[in-house]
Amino acid sequence: MDFLQLIQSNLLTPIILFFLFGIIAARIKSDLKIPEAISEFLPIYLLAAIGLHGGIEMRNTGFENMVIPMFVAIALSLLFTLNHYQILRRLGKFNLFDSYALASTYGAVGAVTFSVGLSFLKNQGVSSEGYLAAILAILEPVSFILAIFLTNMAVSKQIRAKKQSFTNDDTSDLDMGIQETKTKLSQVLHESVTGKAIVILLGSIIIGYIIGEEGFSSIKIVFDEMFTGAIVIFMIEMGIIAGQRLDDIKKVGIFLTAFAIIMPTFNGIIGVLVATGLGLSLGGTVMFGLLLASASFIAAPAVLRHAIPQAKPSLYITSALGITFPYNIIVLLPIMFAVASLVHTEGSIDLFNYITKDWS
Amino acid sequence: MDFLQLIQSNLLTPIILFFLFGIIAARIKSDLKIPEAISEFLPIYLLAAIGLHGGIEMRNTGFENMVIPMFVAIALSLLFTLNHYQILRRLGKFNLFDSYALASTYGAVGAVTFSVGLSFLKNQGVSSEGYLAAILAILEPVSFILAIFLTNMAVSKQIRAKKQSFTNDDTSDLDMGIQETKTKLSQVLHESVTGKAIVILLGSIIIGYIIGEEGFSSIKIVFDEMFTGAIVIFMIEMGIIAGQRLDDIKKVGIFLTAFAIIMPTFNGIIGVLVATGLGLSLGGTVMFGLLLASASFIAAPAVLRHAIPQAKPSLYITSALGITFPYNIIVLLPIMFAVASLVHTEGSIDLFNYITKDWS
Amino acid sequence: MDFLQLIQSNLLTPIILFFLFGIIAARIKSDLKIPEAISEFLPIYLLAAIGLHGGIEMRNTGFENMVIPMFVAIALSLLFTLNHYQILRRLGKFNLFDSYALASTYGAVGAVTFSVGLSFLKNQGVSSEGYLAAILAILEPVSFILAIFLTNMAVSKQIRAKKQSFTNDDTSDLDMGIQETKTKLSQVLHESVTGKAIVILLGSIIIGYIIGEEGFSSIKIVFDEMFTGAIVIFMIEMGIIAGQRLDDIKKVGIFLTAFAIIMPTFNGIIGVLVATGLGLSLGGTVMFGLLLASASFIAAPAVLRHAIPQAKPSLYITSALGITFPYNIIVLLPIMFAVASLVHTEGSIDLFNYITKDWS
Amino acid sequence: MKLYNVKLLTVTCEILAQKNIIEILNKHEITGYTTYEVDGNGERGLRGQGFKNEKNVKVEVIMREEKLQNVVEEISRTLFANFALVLYVSDVGVLRTEKF
Amino acid sequence: MKLYNVKLLTVTCEILAQKNIIEILNKHEITGYTTYEVDGNGERGLRGQGFKNEKNVKVEVIMREEKLQNVVEEISRTLFANFALVLYVSDVGVLRTEKF
Amino acid sequence: MKLYNVKLLTVTCEILAQKNIIEILNKHEITGYTTYEVDGNGERGLRGQGFKNEKNVKVEVIMREEKLQNVVEEISRTLFANFALVLYVSDVGVLRTEKF
């Protein structure tokens, strides 16, 4: 099969190999680690590079045609978040807080995954739409905001219910609860939108758009040519952190483990098909799928720990980083590429026919 | 007008845009920041790169002709420092300590400003004399030493005056005061000359001089090609720090705000004209002006906090970093370039005639 | 003489000059320093680059022919360690602990020295066998393990002796002593093998072997082209640390100072001759000699402080870093290159004849 | 130089709770504090290995005894359940009580 | 909110002795501790300038008085001779004694 | 294992005053101390955000009671006016008094 070969060739890239290496280093309890300052700096650098690249592309190709993909991506992200919640709460029997936290972790996007995807495409000699970087930035908070809104709604409802059963002599507590919810939401909104990931990404997109290829030339060596090398260094640290968490996977349980693999696959393939339907290029299709498939493990804790402190971070970080991230970059990325290639060669017009034919 | 275009084209370079971006990130209270280790390392790297470049240039062109510009720069720096003091103390009504601290902050030079200037020239395809890096190194302590010397003189005089009014029964305190002044001065001299900025700059100039183009080739990618990319990263942090200080500008007051804009303009233009008179190239003229226009905001606090602890750092850091630095790199740099171009096309011989004609 | 010229031309490379610069900066008590995160990251980066390079070379040339050189290197390293011990204990009158600690410090290898060696060869336009990186990794723990084993044996013997003189009423302490020795050894073994240097080096060799030239191309700029520039930055810090220790050299004593120069020379020249006999290339011969000449100053403290805590780190770090390292990279490296060139031109067959002839 | 008795409250907690602590301090009109990142081990396992978000922070606050009770109460009520957090109080002497 | 008296043991030592300290704590069934890197000066000279291995670390452990004696004894017996190390004990009040 | 009572002086101050503090210690023949960088807030506003020069440092010194008075007096006399600085003293027990 074509994509087994693809998986294999993807497996043997420096990015994936150094990630696996990091996992092994952690498993044998090596003291290897990338100093904190470097591993804090690298995501900022990667996002700046992604943003600049995206902005320059958008300047070349215009951004009118990004509007529909963007709204579709937002809609899918919201739908998927709700879907995750139902599955986790009903089938997985997780409590309200963990369910919403996990639902949004998987509804959100992962910037590191996105970087790896871009590098994967580069390796395949395929390019993608620049505006996807902008969609990455916009998708970041969407899913969190929904989940936090719903969690707070649920909590106020519970408080209200309790109040009423105690005869409503004092509604001030209730008001306070709702008030707190609002405060929290506006705080989270502010925190999300001013979060370093979004800020550097949007900033770099705009700067890339302004400076164009020409203005970029003087910093191209740092922000373009060094990109893959920088990811490699970051992947060592990601591997180490993932490796340190492997023991926790047992605590995550079989249900969440399955969820962490099946859900991204489902979301990703849907993403690929929809993007193909929207007329994105082969590379763009893959990246669109990857956006929807990816889970957030850097931004998530920072936002969720404040917004839903009752949820257990060990659940959402471990599953997103320890299971979904490796699965996405090693297995799902080539699968989506294969699927995207398939539906792209068939021609996008016959696409939906093709799928139904093939699946029937 | 020509230099409005220049300002505009300078405004749209990655360096300036990322600086503005950093300011905005700070204003919206984003948690974006460049890790401390990186932002401590970058000035060392930039100075090493500047020094190597300067040293190599000096090897190519000799350094005999640097002597006059160097002494002129020192003389101007001292004159300007005295001039700043008079303005600040008499017109600005600042106290003795703040006046001297501010006077030397603006008499001193800024290595980051210098880096941005070099990058600006590179962008314009203009080169500058290599020995200017050496002048940068030599100018660094000059203004501080003068200001500290004068402050300590003033303080001893005050002490002496007090003593005498109390009838001179005990002069040991006075001697102690003068003694302390001497200790302080020799300490400051040592601290200045062994300060990391000067040390790395002078060291790199010498190394650049020794190795020449050929020896440089193996490290050219790191110390030359990555230069602008590295400045961009540093400018994000500079923008963030400047942005965090914007609120303090109110406390700085209208007088100092005006001073922080007018003084560099005056000093810079004088510098450009003098350098032209001295026969420097177009690029060298601009850099010479920039040296005199720039204020110190990294070296200043370290030296002044020990030497003149009574002076308020919020005044001199805020005005140098929050007002003068952005003004210098965004507005004054293109202005000086325009002026330098103008006087260079006129021919340097007719220069002073030209000026007087033009101004009359 | 040829190698005086070589020394001189080696002295004037950026690597050596920036090292000397670092020493001077420390001596004049400058506050210059490379931030900790950077100087912790650089050895990881250098080892990754060395490993990748070695692995790619091994893929091109096969690794069958590395077996004999590897075993010879191990044997020499063990022999040298024993030899060092005898010299230090008998002639130098050091105590048991210091003798073993120093013996293994000089029996072990130095990764930074190796990096400088590679850069030196690059400068001379000479290449070396890729598998030497693997030998570097394997040699790292060999000498420590021997020294620690012997130290612990000696300590148990002492304990046993004491016991017996006190009439053997209680042997549990003895058993405990031996038990502790075993625990310690297995701990040290684990620590050595999982130590960050070995792990990143071996990992990168394997990854380099897997990806080959082609897979390397996307990260070549970071892991190859930036290599010398990165060493230069690291050498500033090495120079500073060495410079800070210069005062301690007095405490090291004349005997150890002589040892720190003569021993590496002896080991290195033996290494060069043996490697020539084994048929290694000119560059490989130099690197083989350098492996045996080098002393460990980064890995040593971490291992020895736990394994032989009674030994004084000021002795082994100061002599290895403050004396041997500068001597090796400035003086011995060109000497070994000259010797290797000499014996290589003579043809490796007549080699041993030549030597005896020359020495008689 | 007389030393006046005041209290030093030390909170060791996961870094993402720092904001909450400082908000509580502000609520009680305490503006002075000192913070620094630390590693640690406790009921919630080893902290400080991976992401910066998983480090601990120590927050140290010198305050008058009067305020201590309320601050400690609010921290324990709002944060004990959901955050990795250890809190202790010690007696210290200061020169300038007007600062606290 | 009653505060219970417990002991805070602080060990400032060279970073390569941290492992030994934590092993001793584990031996005495103490799992909670906080660590952070520091610079310092003492009998063994200035520490924290060069390699990371030459830094100091502070290890802070809140524990009940019962355990203190044994832990301190073992640290002083096994580490005082060979490692740069300073150790001190202070009294602190905590809310949840069950944690220690 | 008897613990002897000594004093722990802690100075939290802007990083550029560290040198002054250590000079004062040396003047009083105290060579042992521990330092580390911290962030903080106080009368002089938030510290630790921007340049490294604007961080705080904590200087901790274990010393005998005899010396405390003079050291504290000199610090307060020479540094209180011009530097961001907070200072407090606590009681600690140590094993080896000869070290201090």
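Letters are used for the chains, namely A, B, C, D, E and F, taken in the order the chains are written, and counting of residues starts over at 1 for each.
In this section, a residue touches a chain if its C-beta (ideal position, glycine included) is under 8 Å from a C-beta of that chain, and two chains touch if they have at least 3 such contacts.
The structure displayed is predicted, hence computed values, not measured ones.
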- Query: Shared touching chains for chain A and chain C?
  - Reply: B
- Determine, using the mean of C-alpha atoms as each chain's centre, which chain is farthest from chain D. C
- Message: I'd like the angle of the rotation relating chain E and chain F after CA superposition, in degrees, nearest 5.
- Response: 120
- Item | chain D and chain E: spacing of chain centres that average the CA atoms, whole Å | 20
- Query: Any idea how many Å lie between the Cα centroids of chain A and chain D?
  - Reply: 34
- Message: So the centre of each chain is just the mean of its C-alpha atoms; given that, what is the distance between chain C and chain D in Å?
- Response: 47
- Hey, how far is the Cα centre of chain A from the one of chain B, in Å? 44
- Note on the structure: So chain C residues touching two or more other chains come to 33, 35-38, 40, 221
- Message: Residues touching two or more other chains, restricted to chain F: which are they?
- Response: 36, 90-91
- Touching pairs here come out as A-B, A-C, A-D, B-C, B-F, C-E, D-E, D-F, E-F
- chain E residues within the chain C interface of the complex: 14, 16-17, 19-20, 49-54, 81-83
- Which of the residues in chain B come into contact with chain A in the complex? 12-14, 17-18, 21, 24-25, 28-38, 119, 122-123, 221, 225-226, 228-230, 232-233
- Item | Contact footprint of chain E on chain D as seen in their complex | 10, 12, 36-43, 56, 58, 69, 72-73, 76, 80, 86-91
- In their shared complex, chain D is touched by residues of chain A numbered 33, 36, 40, 240-241, 244-245, 298, 301-302, 305-306, 309-310
- Spell out the residues on chain B that touch chain C in their complex, using ranges where they run on. 35-38, 40-41, 44-45, 190, 194-196, 199-200, 203, 207, 210-211, 215-216, 218-219, 221-223
